[in-house]
Amino acid sequence: MTNDLQVHVRKESSYAVISTDGYINNVGGEKVGEIALGLVDEGYKNLILNLEKSNVVNSIGVSILIELVERIQDVEGRLYFCNLTKVIAKTFTIMGLAEAAGIVDTEAEAIVALAAPQEA
Amino acid sequence: MAKDPPGAGTSKEINLTIPMLPNMEIAATQTAEAVARFMEFDPDQIDAVKIALIEACINAFEYSNSSEGQVYIKFIMNPEDLVVEIRDHGQGFDPEHPAALPKKHRGKGLTIMRGLMDSVEIASGPGGTTITMSKARASR
Amino acid sequence: MAKDPPGAGTSKEINLTIPMLPNMEIAATQTAEAVARFMEFDPDQIDAVKIALIEACINAFEYSNSSEGQVYIKFIMNPEDLVVEIRDHGQGFDPEHPAALPKKHRGKGLTIMRGLMDSVEIASGPGGTTITMSKARASR
Amino acid sequence: MTNDLQVHVRKESSYAVISTDGYINNVGGEKVGEIALGLVDEGYKNLILNLEKSNVVNSIGVSILIELVERIQDVEGRLYFCNLTKVIAKTFTIMGLAEAAGIVDTEAEAIVALAAPQEA
């Protein structure tokens, strides 16, 4: 019963979905980052970050997510965000995360986007 | 409950003081949520107020260098809008020329507040910083 | 966030002032929830604090007859417990002999507070009423 | 998006279930009371009040629920409460509602209790 972010992972054959529940601050951002990079190490280069149950973020948490996107791109991985609230989407745009990463509405759309051939 | 609220001039202000401790901004967002619901704000408006308030609080925590370590938050419920004032008694800064940023991808806190609220005013000086932000009620 | 909280003596107190308006006690319970979660209280402990706090607030709303119409709430996070103080500047009452009750099935507010919290103290007089209640941290 | 209590009604052949979501204060208690008495008027004399999604009540709301129990008993109706949080159950006991009304753990138990022949 703390205010800490809860994170759930679902592994599929060609991708993995990370779902968050709660506040994405520095601690929450780092938790997501560690889990995502762990999945990349396991071979999951196609990741979906579903934020359906998060409706508050702070700019430190978002800056950590931007770093995560950069690190995943460095190893030729791909990451799509989905199920953002309107206000989190706006915050991502202001912080430049929307430019760096793919953002789609639903998990289904993220799966389709990941299945598309990777651009060079 | 109070049929006729006692004190004819009952002000529609809620005051909250939180210590500068990691995660304490959540107490502020929870209070904000109750106030915004009281004003019948919709979920997006509530989220906007919460995130803007978080940014103001964590700035105070991180940069104010306040020796007393308190953040003073005032919610003013007006007929046309909700005003949120966030005050610290720290060192202040020059809003026209904020300090250079130590880290990549940072320095967007004030921009987020401005993007999510209808107005944001900064008063800062050696006595501390006061951010005054407003969000209009839902237009229906 | 604040690596080392600024102000070595940062007090672990949260102060909230709410106007005596119907439903405003919800702002108090929302704040209480954040504070109790911060202290890692379990859901039952959180609910107990919230309901006891509601009773204290609605008593102040209903009976204090305060002309300024404010309720002052202080949350003190101690290592061993959470102390919640609810204060009004109303007319006060005699806790040994509370007034006769106008309605059936009422008159249980103070008993509820005592049943749900670990301790409840009442200080009341012509200057107003202060209820001080405590709830021990989860024993694990 | 207000703090008002949400109430949902499910009508079955021999009973009806009223489910609440949110704070049961005076307004919430009265809302539940009106709906319950309306169901009694329609002929539903067996009622279940499921409080699963309510975790805060106040003593004014509970006093209104006690009056409701009395009025339903007056017309030979029956009302069972279920899915109370531990703290609401304790509050009901302190206020004397636990003596006046049937309280069971689940909706299923309430249905069984209502199916039992009524005591004289």
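Letters A, B, C and D mark the chains in the order given here, with residues in each chain numbered from 1 onward.
Everything below uses one rule, namely that a residue touches a chain if its C-beta (ideal position, glycine included) is under 8 Å from a C-beta of that chain, and two chains touch if they have at least 3 such contacts.
Quick caveat, the model's predicted, so the values are computed rather than measured.
Common neighbours of chain A and chain B, listed by label, are C. Once the centre of each chain is set as its mean CA position, chain B and chain D turn out to be 40 Å apart.
Centroids built from CA atoms put chain C at 24 Å from chain B. With centres set at the average Cα position, the gap from chain C to chain D is 28 Å. Residues of chain A found to touch two or more other chains are 3, 25, 60. Within chain B, residues 1, 22-23, 26, 29, 34, 37-38, 43, 58 each touch two or more of the remaining chains. Chain contacts here follow an irregular pattern that is not a line, a ring, a star or a complete set. By the definition of touch given earlier, these chain pairs are in contact: A-B, A-C, B-C, B-D, C-D.
Within the complex formed with chain B, the residues of chain A that make contact are 3, 23, 25, 27, 55-60, 62-63, 66-67, 85-88, 90-91, 94-96. The touching residues of chain C, counted against chain A in their complex, run 1, 34, 36-38, 40-43, 46. Put simply, chain C touches chain D in their complex at residues 22-23, 25-26, 29, 43-44, 47-48, 50-51, 54-55, 58, 103-106, 108-109, 111-112, 115-116. Per the touch definition, chain C reaches chain B in the complex via residues 1-2, 5-7, 9-24, 26-27, 29-31, 33-35, 37-38, 58, 61-62, 64-70, 90. Only residues 1-3, 25-26, 60 of chain D touch chain B when the two sit together in their complex.
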